[in-house]
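What follows is a pair of complexes built around chain A, which joins chain B in one and chain C in the other.
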Partner chain A sequence: MATDPMQQFEIKEKGDLFEIAGQTISFSNSALWMIVSGILIVGFFALTLRGKLIPGRLQSMGELSYQFIADMIRDTTGPEAMKFLPFVFTLFFFILAANLIGMNPYAFTTTSHLAVTVTLAVMTIGVVIVAGIWKNGLSWFKIFAPSGLPAIMYIIIVPIEVISFIARPITLAVRLFANMVAGHVMLKLFAIFAAFLVAKGGAFVGAAILPIFGIMGIAALEFLVAALQAFVFAILTCIYLNDVYHVHH
Partner chain B sequence: MAAEATKIDTYGEAASTGGLPQFDLSTWASQIFWLLIVFGLIYFVLATFILPRIGQSIADRTDRVRDDLDQAAAFQSQAEEAEKSYTQILADARAKAMNVAEATKKSVEEDILKEIEATDALANRESELAEKRIQEAKTTALKSVETVAVDAAGDVIEILTGKKITAAIIRASLTN
Partner chain C sequence: MTNRETPDPRPKSEDLIALRARLDAAQTKHEEPTAKGRQNDGRILGQAWRMSTELVVSVMVGLGLGYGFDHLVGTTPWGLLVGLGLGFTAGIKTVLISADKMAQQNAGVPIGDDMPDDIEDE
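Then we have the complex of A and B:
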């Protein structure tokens, strides 16, 4: 058993595959668990496809998931944003699956890595920018300059708007990454502490029950955080997608 | 104790390699590569095969429910129509029955009146005839009283005077 709480985040490379632009691409435990989450998501939703008029349990779960994301988009962005449903759906369930897989012993939490969360955040904000310019042309950049202000105010407002826009992908990435890392480190610390007490022997063995209760509490909390962070990421994506459709705010 | 020593060794090793594995940029390219592939594949399969079919089956159900509700509404309006026509027919029949009763009553009353009139007429005629008969009987009776009176007067005169006076003379004197 490792005493380093950060060791769980170590990427164990299983062999180099090829090189792109001087970067070596290799298969690793992270890649393995991403593929597992992909198979789980696609497999689960493929199983829910029954197409029955009166849905069974599995079909209901699939349809409830669909409607959950559809309602989220409709309520936060508007019905015109429904073409982003597959993107928000994939985002939500990929993060949810990765977070929940990470709760299993010996599994790897892919979303605890900045590389992953940064890529997801950049993808999200990239979709907003590309779709915004696609739909509004260059007038999309008006989101940085709200209309109806005295000219002198724009000197202050435009930099604030630009900074707050740039902050979006950063906060998206860091929020998810930090939440996942913090929870897993906490779990590990409590576990190390319990193991340390047991190793000490004597009266300390009985005291190990306290950190074990702590682990149970934190584990429960972590399941909540796993779902909540997926939800937060998805709903913030919907809120940011507002900028595609509502340039004049 | 030996295990503990190796633990400390690994800890020291990790510390020396620079703390958080997340900040080891050499692993980023591989992670991003696999993430894009896996995320792209999930997106592709969900967007092309799975989500349209889930959406379709939800849409089918809402359509079906809406159709059923429409049909129910149509049936209800039909039922209301039927009830309306039923009450209409009932009212018509009632009115008709009322008319028939009224007509019957009127005709019966007419019959009764006619009968009464006829009976009245008969009674009048009968009473007239009876009156006439009474009148006749009266005149004959009066006539016979006169005769009796003349006879009696003749007899009285005969007894008092011993003369016989003819009835004609007496009658003439009576009428004077």
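Then we have the complex of A and C:
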């Protein structure tokens, strides 16, 4: 019996792939479950890809998912940002699939590692920076210095704006990681408690029903959190994409 | 009339019309509030997470930048203190902006500079 609630987040190397600058790159259980979520997403959309004029149930699931992300981008950023639909769409469904797969017993939650969430967040903010400079040239940096202020104010305002910009990828990464870790640790702790009670025997076996009810409640909450965190990540990506198109704010 | 699959658009009697109205009323009463309430719960949870992390992380980024500045220039502890203040300001600013946006979405009424003229005049 596993008595360490953090053991579930352990990275296990399945085999070495190749070496880069003395660092061995290995295939881990995290990479395995990322591939599984990728296959599940592609499989889901391959199944729902029907192209009928009047969509059936499966096809409308696919179309609703598209509609959901498209509406999100149109409402938060504007129609000019629809170019980023593939990016936001992939981000949302990868995080959603990874979170939901992590809810299964024996599966590994890839989004419970900072390395994964930081990569996603840095990629997002990288897209904002590159697209912003691509579109606006160097005048993109005006987002750090809102116009129409007395010159002396810029000494305070510019560092504040820079700090809140740097905070963005960190909030994205930390929020997703912390939510997933906290939920899974909580589930594990309750489960360990229940197992201990059963192992004690006697009257304790009956008391094990209480943590089991707790597990049921937390599991339901975790499914909500899994979907919610994917949604929050996607909608914040849309909000940050605003900086590509609306430099003068 | 023999086809049961397609509903008859013309109800036969007053009773049926009244029944339809009562059914509709019961259905809307039953379905809408729960669906909407649940959706709002999720959204509020998301907003709470958003604002708390924004505030905490901004303070930490400010602290980190200040500490790094101190390390490079050797002005300990002033960079750290100024960084803490700037980080806190940045956090409050971000949270206020997000709160503004959320209130806009929830009420459907713009807040701040974009106030409609008829409200602004009062």
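As a convention for this text, the second predicted complex is superposed on the first by the 249 of 249 C-alpha atoms of A that agree within 3 Å, B and C clash if a C-alpha of one lies under 4 Å from a C-alpha of the other, contacts with A are read in each partner's own complex, and residues count from 1 in each chain.
Following the convention adopted for this analysis, a residue touches a chain if its C-beta (ideal position, glycine included) is under 8 Å from a C-beta of that chain, and two chains touch if they have at least 3 such contacts.
The structure presented is a predicted model; accordingly, all values stated were derived computationally and were not measured.
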Quiz item: Are chain B and chain C a fit on chain A, or do they clash, once the structures share the same frame?
Solution: fit
Quiz item: More residues of chain A in touch with chain C or with chain B?
Solution: B
Practice problem: State whether A:Ser164 touches chain B only (first), chain C only (second), both chains, or neither. | Solution: second
Quiz item: Is A:Met216 touching the first partner chain B, the second partner chain C, both, or neither of them?
Solution: neither
Practice problem: Please indicate which partner A:Arg175 is in contact with in the superposed arrangement: first for chain B, second for chain C, both, or neither. | Solution: second
Quiz item: Regarding the shared-chain residue A:Val232, is it in contact with chain B (first), chain C (second), both, or neither?
Solution: second
Quiz item: Now for A:Ile41: first (chain B), second (chain C), both, or neither, which partner does it touch?
Solution: first
Quiz item: Anyone got the angle at chain A's C-alpha centre between chain B and chain C, nearest 10 degrees?
Solution: 50
Quiz item: Which partner does A:Met153 contact after superposing on A: first (chain B), second (chain C), both, neither?
Solution: neither
Quiz item: After lining up the shared chain so the two structures overlap, which partner does A:Leu224 touch, if you call chain B first and chain C second: first, second, both or neither?
Solution: second
Self-check item: Minimum C-alpha spacing, chains overlaid - chain B and chain C, in Å
Solution: 18
Practice problem: List the residues of chain A that touch chain B in one complex and chain C in the other. | Solution: none
Quiz item: Where on chain B does chain A make contact in their complex?
Solution: 4, 7-8, 10-11, 14-15, 19-24, 26-36, 38-39, 41-43, 45-47, 49-51, 53-58, 60-61, 64
Self-check item: For the chain A and chain B complex, residues of the former touching the latter
Solution: 1-4, 6-7, 9-11, 13, 20, 23-28, 30-31, 34-35, 37-38, 41-42, 45-46, 48-53, 55, 59, 62-63, 66-67, 70, 85-87, 89-90, 93-94, 110, 112-116, 119-120, 123, 177, 181, 199
Exercise. Mind listing the chain C positions that touch chain A in their complex?
Key: 42, 45-46, 49-50, 53-54, 57-58, 60-62, 65, 86-87, 89-91, 93-94, 101
Self-check item: Touching residues on chain A, where the partner in the complex is chain C
Solution: 156, 159-161, 163-164, 166-167, 170-171, 174-175, 178-179, 224-225, 227-229, 231-232, 236, 239
